[in-house]
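Next come two complexes, and both contain chain A; in the first it sits with chain B, in the second with chain C.
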Partner chain A sequence: MIYDPRVRGIVFQIILVALLAAGIWWIVDNTIENLRRSNITTGFAFLRGRAGFDISDRLIEYSSDSSYGRALIVGVLNTAAVAAAGIVTATILGFLVGVGRLSNNWLIRKLATAYVELFRNIPPLLVILFWYQGVLALLPSVRDSVSLPLGSYLNNRGFYLPRFVWEPGSWLIFAGFVVGLALSWYLARRARMRQMATGQQFPVLLTSIALVVGLPLLGFLAAGMPVSVDFPQKGTFNLTGGMNVKPEFLSLYLALSFYTAAFIAEIVRAGIMGVPRGQTEAYSALGLRSNLGLRLVVIPQAMRIIIPPLTSQYLNLTKNSSLAVAIGYPDLYAIGGTILNQTGQAIEVVVIFMVVYLSISILTSLLMNWFNTKMALKER
Partner chain B sequence: MGERLRVDLDAMFRKWAGTVSRVRKKKSGYVPNNRKGFWVMKQLALGILSAAALGVFATAASAGTLEDVKAKGFLQCGVNTGLAGFSAPNDKGDWTGLDVDFCRAVAAAVFGDGTKVKFTGLSAKDRFTALQSGEVDILSRNTTWTVNRDTALGLNFAGVTYYDGQGFMINAKKLPGVNSALQLSGAAVCVQAGTTTELNLADYFKANKMEYNPVVFEKFEEANAAYDAGRCDAYTTDQSGLYAVRLQMSAPDDHVVLPEIISKEPLGPSVRQGDDKWFDIVKWTYYALLNTEEAGVTQANVDEMKNSDNPDIKRLLGTEAETKIGTDLGLSNDWVVNIVKATGNYGEIFERNVGTGSPLKISRGINALWTKGGLQYGMPIR
Partner chain C sequence: MQEHDMSWVRTEMALAQAAPRSQVGFGAWVRKNLFSTPFDAALSLLAILALAWSVPHILNWLFLDAVWTGADRTACLTTEQGGQLPAGWSGACWPFVSGRFGQFMFGRYPLEERWRVILTGILFIVLLAPLLIPKAPYKGLNAILFFGVFPFVAFFLLVGGFGLRYVETPLWGGLMVTLVISYVGIVVSLPLGILLAMGRRSKMPIVKLLSVIFIEAVRGVPLVTVLFMASFMLPLFVPPGMTFDKLLRALIGVALFASAYMAEVVRGGLQAIPKGQYEGADSLGLGYWQKTTFIIMPQALKLVIPGIVNTFIGMFKDTTLVLIISMFDLLGVVKQNISGDPTWATPQTAKTGYVFAAAIFWVFCFGMSRYSQYMERRLDTGHKR
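Coming up: the complex of A and B.
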């Protein structure tokens, strides 16, 4: 038995795992013991304590009377908000630039190349500071705000937009929107099936737009126009009323979008170039116009190459959002840092950081993996 | 693991991560089947070695802070990254300021040489972790003494080197007619993260039922730059800090400090809990600085004063026969002489860094000695 290499291997593996577990246990135990000796409070009970500080950007109700736990949730939501907005913009911009790099138009091709080379080769922190100190801080002060159409303003305190005030009865509008979306989806399905069966086409896009816009409009009229608009007004210090997108959010969002878009552009270009040339020749031979061929033949195949590295870029963008700390955007890392400093509970806060970033990243991964399986080559 | 270990989490983690990744790498590598036994043995040996290394590491730093400092040969002092008058590098790259001079005084007490000190610039956010983890031996970084920091954070404050209070500064050119903090409703206020300032700000606006918009930066410099660029209407920190920040603005004369003081900010040096000997040394260095000012012992006349017949001064300077004050503290008997030679007394430190002899020109005010109507009161050295 002792000379059986397989058994011996297993035994040694078990010993190793046991040693590793003992080592980790020893470190954790030692840490707790030492914290106790240094008279530093431990445990997560501090999360229920009163935070005492204010946060300017928040998506949920929060005041200095709220708990540390709630402050952390505000931070998580801010991180999620900037990451989600950044991912959407970076994807759109990245696809445009990536296709632009393959364009037949010399100017577009060169512009796209210049964009990629510029943003890909600058560290993200510099891009953020460029937007914050180089662009948004140079905007005029509140008193000389730039007036934009529709009652919005731009100044060095950010972007001020009119805000819709939803009064009772406005649920009809949302209901109309949801019904419109559902009907469009059903319509698109039916139209595709009919085209498969009979070859007849149906103007899906136009009908969908009519449904998605028209139904909420009907709801709006039926409920007696229950929406008013709150325009920004000039106050003593700032513009009051309306909605304020702060320069911290704007610069972080723009920087992350522009930076990540450069990488996405390269991924898209690689994906499209990865589709064999024969496919392009084949759809031309079938008589498809080039934009239709691109949409029906090239892009679906390119997507299979694009999605896996795209997921990595999304994760990078989310993690890069912690650079917000340099410009004072209250993301998870900034708020967590403040809490760490107020309570002194470094280990607990760092554990929370790790758990939250890990959860957000794993969630993104799972979504993208699901999308990938949907797009993957289906053998029929 | 019986004795007291120093918590150096950062280094601990690095060590731990190193161990784990080394083991993992081995595990996933391709190994031919017939050599598996050998491979496992090697892996095991590696694991034991790393564990042993960890054990040695973890038990290394067990002596008291004074012994550690003496063994190192210098004092590691945590200071602000750049607050004029308190701690900032000058044009020659030397650290200057009231907080810096306090560390020099402690170094002089320990080594008889005020230059045996190294400075670590810390942000408000990093400062406590740096002290707790043993990265610095003393934190002298315009830090407010609060009960939370004294208890939950495991610190001990050795005294108050500067009695301060929080105030506001505005750009009077951009905001004419604002002459009170109570007129700041709706303002955007620049503030540094993780400070008592941030908490007082929230409390003050809440108590006065005013709205405001906090713009929170991790670093002092970032907050200053944002205020100077007009991102905020007002800037808030301790009043001494406001005067220092004003000097750094592009047009210092445009900025005014509003009269309201909204909090008590006793700033002082702190050390880790659980090392009373080290705590005593730092605490009595502070009192020595005050007592020498009270007795009229200065950097210039200290050698002359050693010949004084006044029993108070003799005791203070350790020239009394059979004196044990210095050795009881774990220092030499001429520790006070060394302190005064290195930095001067408290009054001299104050005047040089923040007082009338400095660009800040702050009057002694409540920081005067108790004999002159101030709050600085040195416990008797006897």
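Coming up: the complex of A and C.
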């Protein structure tokens, strides 16, 4: 019986569980003892306490009188903001560089390769610090701000952009936008069904653009032009008005985009190279022109290879945004660290970190899996 | 009917004619590779313009306009900032790097003891180099020395003991810490990752569940959080009075983190092994461990060498994050010297220091990736489907 693998398996698992339970018990016991000694009460009640520190970069109302809970929400939103902006830029840049690596143009090909090899082999934290301390800190002071087109300014306090001011009645514009989107989605569906049934095509793209741009414009005019633009005004010591993008956000955003784009470029290249050459020859044989063939034949197949690794790159970017703490951008991690130092609630704060990051991971994976099943090979 | 007169047959190959002038030479190459279509030509022109603008700038900054000698910050300041250089000057401040080179390599390790670090480094290279060269003999002995004996020798050399002065880890820093963390991470994470991957594919439900929970939980959070946990929560987990070395905490964090990623890489290799290999091993009467060590793992690990090296490269880059729990690896020391040291505080110091650090990291990572490509080609036995 002692040689029966099933019995051995059960015995081994019992031993493992016993050891694990003993280990956990030991850890929990020690932790309770340590917490008792340092007079820390466990539990999440501390979240309602007054935070007492200020956060410079915030998307919602917050002051030092707000609670710890609200500070954490500010942090989560900041993480989400930099991750979303980074994902969009990294995707665009990554696709451009990835296609560039397969270009027929020798110079473009070499440049794209150099870009990928440079950024793939340097730690992202170094890139962040380089942008922050090496580039953005050297920009001129407010008084000598660099003037950029469209009334925006660049100086060592960040990037100043004009801001739209939405006055009452501007909901009509948003309503027009939403209705336009819905209508064009419906139109695309109908047009595809009609093409399937009768073979007649309908200029979906032009009509959609007209709807999505035209309806908000109509709303804008109907509501009596309720939008004005607030330009940044240059004073002696400060720039007032407009929208300020802080150097912390800028350097984190630029570094994460540049770094992740190098990886996305490699994924895109592998995806396009993964489509057999016969597919290109086949669409040419069917008489499709090259842009149509790329759109209908090559890209859908390449996307199937690209999407799964792309998902993990997006997750990496989101997780790398926690490097913000090195330059003082108040993301979830930085704010959580401040709270931990003030209250000593190490376990609770780490649990919050874990829950937030794991749920972001799971949410992204679910979304990308859904997209993946939509794009995946439908075998008939 | 037509009669052919076979009176002449060519007895030797006709000499090849020279290619048309339009197809050879520099001109043809440029036309084909840079200006084949109008769009291509526009792209090439744009790229040439961008290069013509940026390359001289970069070269000037790195070499021509750079300052090479000096004792402190005044060497790298313009006249309006209090130095001698012309206004508007911008260039690398290399004396900062050469003046602080010892710190960048060893941190605050005592000057008179630095020979120990250098000796460890030499031992490391002497043991590693024959391991990397496929033709060098005694691979088994070499591997035992490198992975089994070297860690102990290095530990006593670096920390102290046996008559050597004790050097506590807060004094360590620079490239030395980067390499120590990477080496320990690699040596610990590979076997741990293999075990976790086997656990995840195990038929025992509890083992499988525990492995999955560990792998997914660690992979789902950033390394910063894991390091943070290791540095703030480990002290809570042990009995009062027992303290952990800060470097040791970082090492535990990095090793656990890397092993979760390694497990997923190894699992990919295990999944690619055809079922017939398992059945073949079973039919030979091999037990689980024999089957795994002699049949499955050698094939699986060979398949995933690129993945393993990529994990190593990732880990090497991730060692920089220990700066967040205030430890000083190469990047940490550079940053500390840039923001905390007035002797070299100039507008150009930050850029110079980071370019130097980037070059070192780049050389290591690029070297590793090139080596993995070389191994991949060498090990390719043609069995791949």
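Everything below uses one rule, namely that the second predicted complex is superposed on the first by the 349 of 380 C-alpha atoms of A that agree within 3 Å, B and C clash if a C-alpha of one lies under 4 Å from a C-alpha of the other, contacts with A are read in each partner's own complex, and residues count from 1 in each chain.
Rule of thumb we're sticking to: a residue touches a chain if its C-beta (ideal position, glycine included) is under 8 Å from a C-beta of that chain, and two chains touch if they have at least 3 such contacts.
The shown structure was predicted, so the numbers you read here are calculated from the model rather than taken from an experiment.
Once chain A of both complexes is superposed, is A:Ser56 in touch with chain B (first), chain C (second), both, or neither?
The first partner, chain B, only.
In the superposed arrangement, does A:Ile347 touch chain B (first), chain C (second), both or neither?
After superposition on chain A, A:Ile347 lies in contact with both partners, chain B and chain C.
Quick one: classify A:Lys319 as touching chain B (first), chain C (second), both or neither.
It touches chain C, and chain B stays clear.
Looking at A:Ile122, would you say it contacts chain B, chain C, both, or neither? Reply first, second, both or neither.
second
What is the contact status of A:Arg157 with respect to chain B (first) and chain C (second): first, second, both, or neither?
first
Counting only touches as set out at the top, which of chain B and chain C does A:Gly134 meet: first, second, both, neither?
The second partner, chain C, only.
If we overlay the two complexes on their shared chain A, which of chain B and chain C does A:Ser361 touch? Say first, second, both or neither.
second
Where does A:Thr113 make contact in the superposed view: on chain B (first), on chain C (second), on both, or on neither?
A:Thr113: touches no partner chain.
Tell me which partner A:Ile15 touches in the superposition: chain B (first), chain C (second), both or neither.
first
Where on chain A do the contacts from chain B and from chain C line up?
Dual-contact residues (chain A): 5, 9, 12-13, 16, 20, 27, 30-31, 33-35, 37, 133, 137, 325-326, 337, 340, 346-347.
Residue numbers of chain A touching chain B in their complex, please.
The touching residues are 5, 8-9, 12-13, 15-16, 19-20, 23-24, 27, 30-31, 33-35, 37-41, 52-56, 63-64, 133, 137, 141, 156-157, 235-238, 240, 247-248, 325-328, 330, 334, 337-338, 340-347.
So in the complex, which bits of chain B are touching chain A?
1, 4-7, 9, 12, 16, 19-20, 23, 33-34, 36-37, 40-41, 43-44, 47-48, 51, 54, 58, 124-125, 127-129, 132, 148-149, 151-154, 174-175, 183-188, 193-195, 198-199, 201-203, 205-206, 212-218, 222-223, 225-226, 229-231, 233, 272-274
Which chain C residues qualify as touching chain A in the complex?
Touching chain A from chain C are residues 33-34, 36, 40, 43-44, 47-48, 51, 203-207, 210, 217, 220-225, 228-229, 232-233, 235-240, 288, 313, 317-318, 320-321, 323-324, 331, 335, 338-339, 347, 350-351, 354-355, 357-358, 361-362, 365-366, 369.
State the interface residues of chain A toward chain C in the complex, per the touch definition above.
It comes out as residues 5, 9, 12-13, 16-17, 20, 27, 30-31, 33-35, 37, 103-108, 111, 117-118, 120-126, 129-130, 133-135, 137-138, 319-320, 322-323, 325-326, 333, 337, 340, 346-347, 350, 353-354, 357-358, 361-362.
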